[in-house]
């Protein structure tokens, strides 16, 4: 199994609903380092999983509408708790739709929210 | 599949028995960065795998009795070779017991012992 | 010259005033890794610059009132642009006041706001 | 499942053939951080997956003939596009042959080519 | 004293002349992480040392002509040994010319060439 | 001013004397990442501060007698409190003696003892 990974980041504000979140119920923020990995059982004719430049562009375009935003005000997240896990799955969906269906390929999105906490979501593409 | 991870560290002394270990048979020490990841197929009602604050507390409480200790003198490890792999599995057991049984969840414990060496153990919770 | 350094982090929201800041004028957020270094020409009787545990506690207590906050609403920052540079100097002042005056000692505060941007302020203690 | 990992690095030049690679078709270079992980379901009699010293030596010996080389001139890669993915699989083969066949063991090789791009190959040993 | 820092990277090939360099006399390559820090005794009217976006753009534009190149063929480096130290000073000059003269400001350029080696050059701007 | 830096690491045990050190008075251990930087106002005839290979060898030879040791039993440290600051200064002296006297050169030794604590000593060479 092959993997190709790239990373980028975004700086956003948000708040979380529910007593579980304690002080994180208040409006705060995070720098999320976003790591995206595409996994495939075989390489293509160029000897790659996916073009690094393409994957970086797709990631950048996906993060751009969220950059320097308060996620509590982003329509796509209305009514949702934007936990790190939720954001990982949302980005998985947004990225997978742009990468096209490829037999057997999988996509993993990891968000690092601090030097000692992170979350990830992994699933099929398409 | 979702993942939630947190990290902490501990500073301990120990020695290893067996010619395989060469100079590491002498009493020496290590700063272990400990990375704990819980994996689950679904999020709970709060939209998380597990509460970050809870996972950090459980990890801290698990490391506390080992901190600033010579592992050769820790009763729980009597007669054992405290290799990095062994410590990963031991922590997996100690942490899993505190996290409770959750259907389909898995736990991965990684110990980074130096800038270029690490070990991990992954298994079911419960 | 000796240096002793410790790090911690905080997750906050804020916005910046002024066209210079472009999209960062919108309410957004950051995970700031905070690195604090004390420099002194000589060691004390214990052979240290400052006690690591003490420095960590002072740093934690300084960050606590800001954690999970919108800095735009923090009274101490009323009327200020909470740029990374400003926050470094503010923390320098807050920390220096708790460390006491020590002849020849200096304090450096670095805030890392993303994988590729950071700021720092260095000055005398006292 | 247990994992034991070590890392090293090499500095090489190369060029890539195919329009997909854009500017990387020109002769350029990379520092590759090489991370090698051996995974096994059980520990051996010494309580380890594999001896760290042995794994480091095998990795160093595998990288040595490539160090400070232009990969375009290395006979082993004649006619090949030395993409990061290709190099991961090649190293997997080179390393697996030296580690011997072990029931159920797997080997993962990751090459980090820059602060925001990496590739990996994982497969059985033997 | 305030500092504002940003980082970027480039992937290049080159060779070094002189027996001192041993195997690095052969054509090889490197991923250089480039860290640029501007230091100034005072903040400007916006409360910053220099605009992060501006500094990033200036750094990107400076690296662009070198990206995916063999430095042995770059006219600006004709007859020079492109050691890491030399490249740091060259970038200092190239960047300083674009940042303008500012009283008391200094510029530090660090190139990280591998996980365990780096070089830097620091001097006045203008 | 130019800087050339290299890093290595060692794994040792030790204990500290004095109530200031709290639990670190017990025998424990650390993985110390050791970063060594040589600073000089001018480059030599090869266009470098110091040969990277030489600096790495000198560092390795300096760490070798301490590797996998209990520092409490190392004769060179008899009667000393092997704090991180002390070890930085000791290594500064050991390294400076091997690098020779060079006009205007300085040496900085940093020991990173955990993900959030480090110390350094900087002084002239010779």
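Residue numbering begins at 1 within each chain, and the chains themselves are lettered A, B, C, D, E and F in the order written.
We take it that a contact is a pair of C-beta atoms (placed from the backbone, for glycine too) under 8 Å apart; a residue touches a chain by one contact, two chains touch by 3 or more.
Predicted, not measured: the structure shown is a model, and the values here were computed from it.
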Steps needed, at minimum, to go from chain B to chain C via contacts: 2
Reference chain F; chain at largest CA-centroid distance: A
Geometric centre distance via CA averages, chain F-chain C, whole Å: 27
Between chain E and chain B, distance of the C-alpha-averaged centres to the nearest whole Å: 40
Junction residues of chain F, two or more chains touched: 7, 115-116
Chain F contact footprint on chain E (complex, rising order): 18, 20-22, 80-81, 83-86, 88-89, 110, 115-123
Complex interface listing, chain F residues touching chain B: 7, 9, 11-14, 23-24, 26-33, 67-70, 113-115
Residues on chain B engaged by chain A in the complex (per definition of touch): 1-8, 43, 46-49, 51-53, 56
